[in-house]
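Labels run A, B, C, D and E following the written order; every chain starts at residue 1.
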């Protein structure tokens, strides 16, 4: 790829003393799905690109968008669907996605086998816990309708995301609407088989996590954004190729991150990372983005008017 | 009634011990009126607190009514050197405190409280809080609080110190009446030699710190005695002079807290 | 030195007003020693607090050294009826408090503090905290605290009330010496008629509440006077009797706080 | 007299609040603060009047939880303080444990409460209690051990029972300090309720905050915060008023 | 004498802690509580010894933030209390505003702090300050207004300046109550640091908690909580020790 050239130019130009400092915020804490950032750093991908990255652990979409908006961070990972809604409702507009991490949304319904729930329609009359205001909650009606379930028959209960697995394991609720990557954790907690019903079965045009950058940075230092994105994608690829090493790197940088869990997560997200049409890592298909916006608008989650260009800077997207 | 047997008291202060009382023995009969005099800091209050069971002697023992004193007794009332009034209780309620604590019937004792307040010239201040009173008035409230208990033994630590000469005389009359009517045993600390003589059956003279019993003087004036400025002039003058010399024969005010 | 001009004081209590002082006028010359006697609760402390500038008269005015009193002055020292010692300061530091507050040089006054403590028999207790002292010892500390100020005017509210007869006499001698040496103007509240007579140039007799000036009695005993039990026997006896009658001629202890 | 009381009890506090709001307003205007970060008072008022009924209803739910929890916390705090105050041995043994429990961030326990007690009021009320009982204990204990020696000796000389001494002397004497604890605990109780409601946003102002921050509706979040502040002020002054009523003598013997 | 002091100052507290830990252990064992919800003490100890160095390092970071923030909060609280205590007008105006500010859940302000101050120590320290200054104010004010009337009159009669009266009489007298505020504020300071660290989990025990809950590693979260509890106890007793050192007289004049 082209990163080899970049490495040559920046490397010779400045050396390590001249590294550009940027701050990157992970999607949520330090878990397997975000490990690639540490991998890119540890493996020197960022440094080779002439960038010194300060990795901060994120705490969800709103906070990450706020950090980008306020200029405290230049790059962030976040749930792209949620971010689209924020942009569509006019809350946060000064950002653009520069690469997709997950081609499919990771939101899903999860439940334990003992509930007897195996398909979406079984949820009628049941209680489902979800993080308040999360994408899961917002998308649920759209998902339910497509799955042939009347959303009004399901009782959605808000709860802090850290409490979700416990609630399910204790059967305080009949199901969860959350990221499918926590399947393993739920299995551990409940000691039961876990049934996963990904939203992507019915909402196949929605993306999962994406890397975004500050709009101003894109216009002022396009080169930096490009180099950063490329290095990050390199890290992502490396992580997918070497889950154990990625998990080890993550654990070394953030000792609270458990290695087995991280390995599990990296493996679990593999199928969601590669593009359906064989495009390179990070690809954001303009048509799919347009369709995803249409779905969100069609379900009343945001008013009409948002265009793909307002949420994605396609000039960075690795061509298919 | 009260037997003080070789009692000593040494306080363990921050900066070394203070020997307050050394080896005092004294027996006080039932219904007897004993006054205690001695120089300031000689251990009078300490002695009273030991009789009251508020302070354990470091040596020796005190017996009241035949049983050794280990804790305060309800038939022994104490008038403290400082009034120790509860600031949130009115004068009347402060006086009624012992009644409440002893679980006596309040309605029965309220007239008595009123009578005592009248006797001490405080009836107009029944509903006032302590901070609205003068020093002497506070002292009288604390006196009433002890008297309402009609105790068998009354320990009084300079109860008249903040009172003017006339009030002193009036209350001395009352106290003598109570003493004679009820047969109360009274131990009365005072700084007024004249008062000590006029009130007491016997006067106990303590030496300077460490306080020990210098002498016990009998007062042979027959009861009921008259009080007042010129009461029992000659006798009082004679004994007073004797007591005066007794106190004086002590060393000058002592300088060191240690022995 | 001190002019008290038609001063009255009425306290606004929770349950109605208390008229404490009614229309007192008195002029005290420079270097004069005036004692104040009167029954308990008649307003003596209140009068002193008004002279000290701690309490604004509800009517009338007080002038000290030519200027009307609106706030306390540093050349006027007050000995309170209660010792008011700072519980965290040692005896010595309590005595040195005025020196610190006036910004005087401490090293200069420390010998004086020591001298005063010795004079009052407290030198062995220099480093002790107030709660380790007896009532009379605390009172002596508060006395030393006033004396170290070498004030022009000294207002003393029953400063010897908790002291034994001998200590009283010793301190009375000292006080007279200070009064004569330094020409201090002294207003001295006491309950002892004898003390009032022996110390004073004039004795001011207050009536019962509301306190007003019943009489001012000159004491013609020449200075320096001797103190003690039998000092100036005849003169003191005579004047004492007169004062006694004066106090007595008042109504009996009053019952109502209102006028 | 009464005029100056109106002045100091009503006019001055109002003035203080007005000044504070004005400063807030000026800050947003002068520094051109993005209303997304800090909305101006006008935005907040406007947002409030979009759904006043709903907001007041949620406030009322939070208030109820706070009041119930606070009442339990105060009772519990007093009882524990009394028990600790009654025995030096118990105090020495229990105090470090209490201090330890109290230093644990309650937010971290919120998910546990949710799992144990499920949804509804109880986990929120428990959170209120957990957050607010400690100040009551500490201040009550301090108050109970501050009885002047002469009053204590008086009670002893009357051979008052432990309970009598406690009720008639120690507790009354401790009241001014107990009220310090109550004043500190009030705002904590409110915060406790909000924590509980953020963790399981069913109802109440905490759930309004949770919802509005998920929607990045800062103005709504600020409305909730302002309502909480108002509740805080009202409760603080209710406690202060109660103190005036119960401890009038404390002002008299001090300066 | 010394033996009984060792007993009451070391043995009893240790015993209390041991009993508490045993109860915890028994509870997890008897009720068969899933270690996912509440790990047993053994799990916690084991988890600690997996990465002791890391955990102690994070603890140290939290401790530093707490100490700095606490020091600022105490200074600020004292200064504000003194200012409020010096003028009735200011007090009347400022107190409702302070009570209002204090009732606002600080968690809700954490994102704002992040925006303004970015990452790093400052937003955490500010959070510590915000959370812990109020108890210091309330208790100091209560202490400052509790000077006995006769001591105040003494100061007046010596015509002591406001400052002299303040330093030599009022403040010293207030110290026992100031310490009540400090004791209440200590655990709050710790919680404040954790809140700041959870919101922006860069370092410290708060970030350990955030990380472990993202990993559903309850045992690790409990290790962090236990370490926080230990920090809380140590700080509480440091404050209590300081009190003993500075206010020995308070015990003497009370019972």
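Some notes on this structure:
In this section, contacts are C-beta pairs under 8 Å (C-beta built on N, C-alpha and C of every residue); 3 or more make two chains touch, one makes a residue touch a chain.
Everything numeric here is computed off the predicted structure, so don't read it as measured data.
Between chain A and chain B, the least number of touching-chain steps is 2. Averaging C-alpha coordinates per chain and comparing to chain B, the farthest chain turns out to be A. Over half of the residue numbers found at the chain D and chain E interface occur in both copies, marking it as a same-residue contact. The mean-CA centres of chain A and chain D are about 40 angstrom from one another, to the nearest whole unit. The distance from the centre of chain B to the centre of chain C, with each centre set as the mean of the Cα atoms, comes to 26 Å. Per-chain Cα centroids separate chain D from chain E by 16 Å. Our note on geometry: chain C versus chain E, Cα centroid distance of 49 Å, whole angstroms. Residue positions of chain E touching 2 or more other chains: 37, 111, 115, 149, 153, 213, 252-253.
In chain C, 82, 129, 131 are the positions where the chain touches two or more neighbouring chains simultaneously.
Shared interface positions of chain A, i.e. residues touching 2 or more other chains, are given as 62, 66, 70, 162, 166, 169.
For chain B in complex with chain C, the touching residues are 11, 13-15, 18, 37-41, 45, 81-82, 118, 120-121, 123-125, 127-129, 132-137, 139-140, 158, 161-168, 170, 191-193, 229-230, 240-241, 244, 247-248, 252-258. Per the touch definition, chain C reaches chain E in the complex via residues 49, 52, 54, 71-74, 76-78, 80, 82, 84, 86-88, 97-98, 100-102, 129, 131. Within the complex formed with chain E, the chain A residues making contact are 23, 28-31, 54, 56-57, 59, 62-63, 66-67, 70, 72, 162, 165-166, 169, 182, 185, 188-189, 254-258, 261. Of all residues in chain E, those touching chain C in their complex are 150-151, 153-160, 164, 168-169, 172, 247, 249, 252-253. In the complex of the two chains, the chain E residues touching chain A come out as 34, 36-37, 51, 54, 111, 114-115, 118-119, 199-202, 207-208, 210-217, 220.
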